[in-house]
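Take a look at the structure below.
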Amino acid sequence: MDFWFSYIALASIYVLLGLSTNLLVGIAGIFSVSQAAVFGVGAYIVAFFLMNDTMSFLPALAIAALCCVGLNILVTLPALRVSGDYFVVTSFGIQLLATAVFTNWTDGTGGANGLPGIPPPDLAGKALESSGEVVTLCVAGMGLGCLIFWLVMRAPFGRLLRAIREDELAVAAAGKSVLRAKVSAAALAGAFAGTAGGLYATFLSFIDPSSFDLDSSILLLTMVVVGGARTLAGSILGPFLLLALPQILTLVDIPTTVAAAARQLIYGVLLIAFMLFRPQGLAGEKL
Amino acid sequence: MLALQLLCNGIVTGCALGIVAVSFSLVYATTKIFHVAHAGVYTMSGYVAWSLLRHGFPAPIAFVGAIAAATALGALIQALLYARLEKRRATHLVVLIASLGTLAVIQNILAAVYTANILRFELPWGTRVFLLGGNVRLTMTQILTVLLNVAAYGGVMWFSHGTILGKQIRAVASNPFLAEIVRLQPRRVHIYVMAIASALVCLPGILVPLDFGLQPYNGVTPLLTATIAMIAGGVGSITGAFVLAIVITELQNMSLLFIPGEWSIGVTFFIFVIFMLFRPTGLFAAAR
Amino acid sequence: MTAYLQASGVDVSFGGLKALNDCGFTVQQGKITCLVGPNGAGKTTIFNVITGFLRPGAGSVSFKGQTLDGWKPQAIVAAGIARTFQNLRLFVDLTAVDNVLASMPAQTGEEPVAAIFRPFHVASAQRRRREEALAILNRVGLIERANDFTRNLSYGEQKLLTIARVLATGAELILLDEPASGLSAGALDGVMALLRRLQDDGKTLLVVEHNTRVVQQIADDVLFLHQGHLMAQGTPEAIVNDPALAEIYFGGTI
């Protein structure tokens, strides 16, 4: 039972990340390898507030989400104003810089050893101790995220983003700001990623830099690519499938020294294969 | 004194990164593809050389073998992946993701085969130390790095302006549509460019690990610095990319006098942000 | 009296090629002005300059007395000028009515905050906008196809949709880039009738057109452009019947 709880909670958290990555990469068309960095920022912020007993879970989560919104705006606005390729460099830079900060700022983030002992979340004064309660919280978070994504995509904003994916020039010719729409999408993506980070920190009660590095960003991309770009279904399917992968791999006899590289290798192969043969993923629209 | 040593080290690494920047710039300016898998080719060439040396081959053979492997890999990536995607009119985003996937595949195959630990070359003549002016120590490897990479830069300049293929590449780079009409066959030129760029990046791909050791995931940071150098120098300018790579590495090195080494990526990124905000087209952008 | 739309001394160069050379003209309010000239004369380039997508090397454009120099495309659309594209550039995976809705200015819900926190308000505002969009589609004669995907429309219908899109912006000065090209005779008549209806609605039209029949039938004024410069201006009869201009147009000196 504990295994299933763990799987569902993690999958729910990664669905939020999937929605975030889908908004940024799938819908706004911005190639980003820094989603894990934003995820990490959210996690470390919530961990900080909870461990120092400064405030309860929901306010901490809100602050983390807001910080990540700001971070994404700060990162995308100047770069996108120049070009998409500029943002690729920015994204790599942000991810590598974030990993450096997470690993070396020992005072703030616990350094390479991470932060153990993060308290469980508390709602309205009551701490959620049992795993069942925490899983419910994560699933609720996922549900809320899906609702927000659905609302946003069926609003004029969703239509504007779809139009931008088709023809930016025509959108600009109609008098709309393409830059503002893309940065708004990035901001919303930041909120999702930050929230996922907060849930992750409190669910695992231990975080370290290795969950938020470039390899993790690649995993997030793979989830969206496999599940399917630009759709709600794809954002849910991808994480559930790819989180099952390590379990499936344990059935195959791979020495542990090679296990991590094997996983990442599979993600790389999936990325190439889907781009070549099925760019719309399993349940998505064409990238 | 330390500053002078850092200065010289900066030139050494800068020259190596300069060729990474020049080779990346060749691909980007011609094919418009942001070829992140280039970091994988860079990393792989070091490992191939190391393996060949391990198996008893003399250094020159190992060197040539690595170049052959890198060239083949680069050409394959272009022919089997990028060309196919281009034929399907894949979006820029799709190609980027495919390139990233290729990088992940290359890096992790290397990690699986060679483990993620640092591997060192064992070349006794490489560690011979020379003293410059009594205060600066330079190993044979470092001196070779400067000489060979600068020579490579010269070679690329001569090739680009002096040879027919070089001129064709520049023509395709500036106007692929027109090149198609003039029967320059951009597809074939793209393969040549990828092959040449991969062969080029082999040089720093071997020389840098000679100094610092081999690690499967160590290609991304040099690539990032190289792309920043390319942008700061102005896309399309070979000299710009090479010179800016040296400048950025120098600034990074000199910053070690003030801040710990783990934060050097911050210095590089800071330089990038400055350019992005104030001079996004770089210093010597090629006239269109 | 200040001209409605005025261009003066506009220079545009691409590398060594001079696309517009000391180009100047005026467009009068409420008229249908046709822009004619051989290929490469600079007609689409002028559109790009007027709508702010291209900065001229020299010269300026002014609209209702206000100079548009350095204005961003968004601001120019907001000021009342919008254009169509020769190669349509429609959003093919969206329905016809969505194409129109996507071009309407300033809607609530076009950014995430309102979409998330005021969904009912956004939904009711959208219902009103949808009525307006359907009215526009009705005006251009596309109401039957409102909910069809644009990729499924015929070429003639797609051209009408480009006009619907530009009407959606609310612009009073409409730049049409070859609205009649590639159309059958019947569809062509439909477009010409539509253009006259738009004029009756109070719109000013600047139309790039190659078809001399169309020019003669709808134009109040004709601008003849050659090698980036205004060669002649006058009534359709004067321009179309001028032998010197005809020679240039049909391949005399290019």
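Each chain gets a letter, A, B and C, in the order it is written, and its residues are counted from 1.
Throughout what follows, a contact is a pair of C-beta atoms (placed from the backbone, for glycine too) under 8 Å apart; a residue touches a chain by one contact, two chains touch by 3 or more.
Since we're looking at a predicted model, the values are computed, not measured.
If touching chains are joined by edges, the resulting network of the protein chains shown is an open path. With respect to subunit B, maximal separation of chain centres occurs for C (centres as means of Cα atoms). With centres defined as mean CA coordinates, subunit C is found 42 Å away from subunit A. Subunit B and subunit C have Cα centroids separated by 48 Å.
In terms of their C-alpha centroids, the spacing between subunit A and subunit B amounts to 31 Å. Looking at the complex, you find that subunit A touches subunit C at residues 148, 151-152, 155-160, 162-163, 166-167, 169-177, 180-181, 184-185, 187-188.
On the subunit C side of its complex with subunit A, the touching residues are 51, 53, 73-74, 76-78, 82-83, 85, 89-94, 98, 101-103, 105, 107-112, 114-116, 119, 122, 126, 165, 168-169. Listing the residues of subunit A that touch subunit B in their complex gives 25, 29, 31, 33, 78-79, 82-86, 88-90, 92-94, 96-97, 100, 103-104, 214-215, 218, 221, 225, 257-258, 260-262, 264-265, 267-272, 275-276, 279, 287. Residues of subunit B touching subunit A in their complex: 34, 36, 81, 84-85, 90-98, 100-109, 111-112, 115-116, 216, 220-221, 224, 227-228, 231, 260, 262-263, 265-266, 268-269, 272-273, 276-277, 280.
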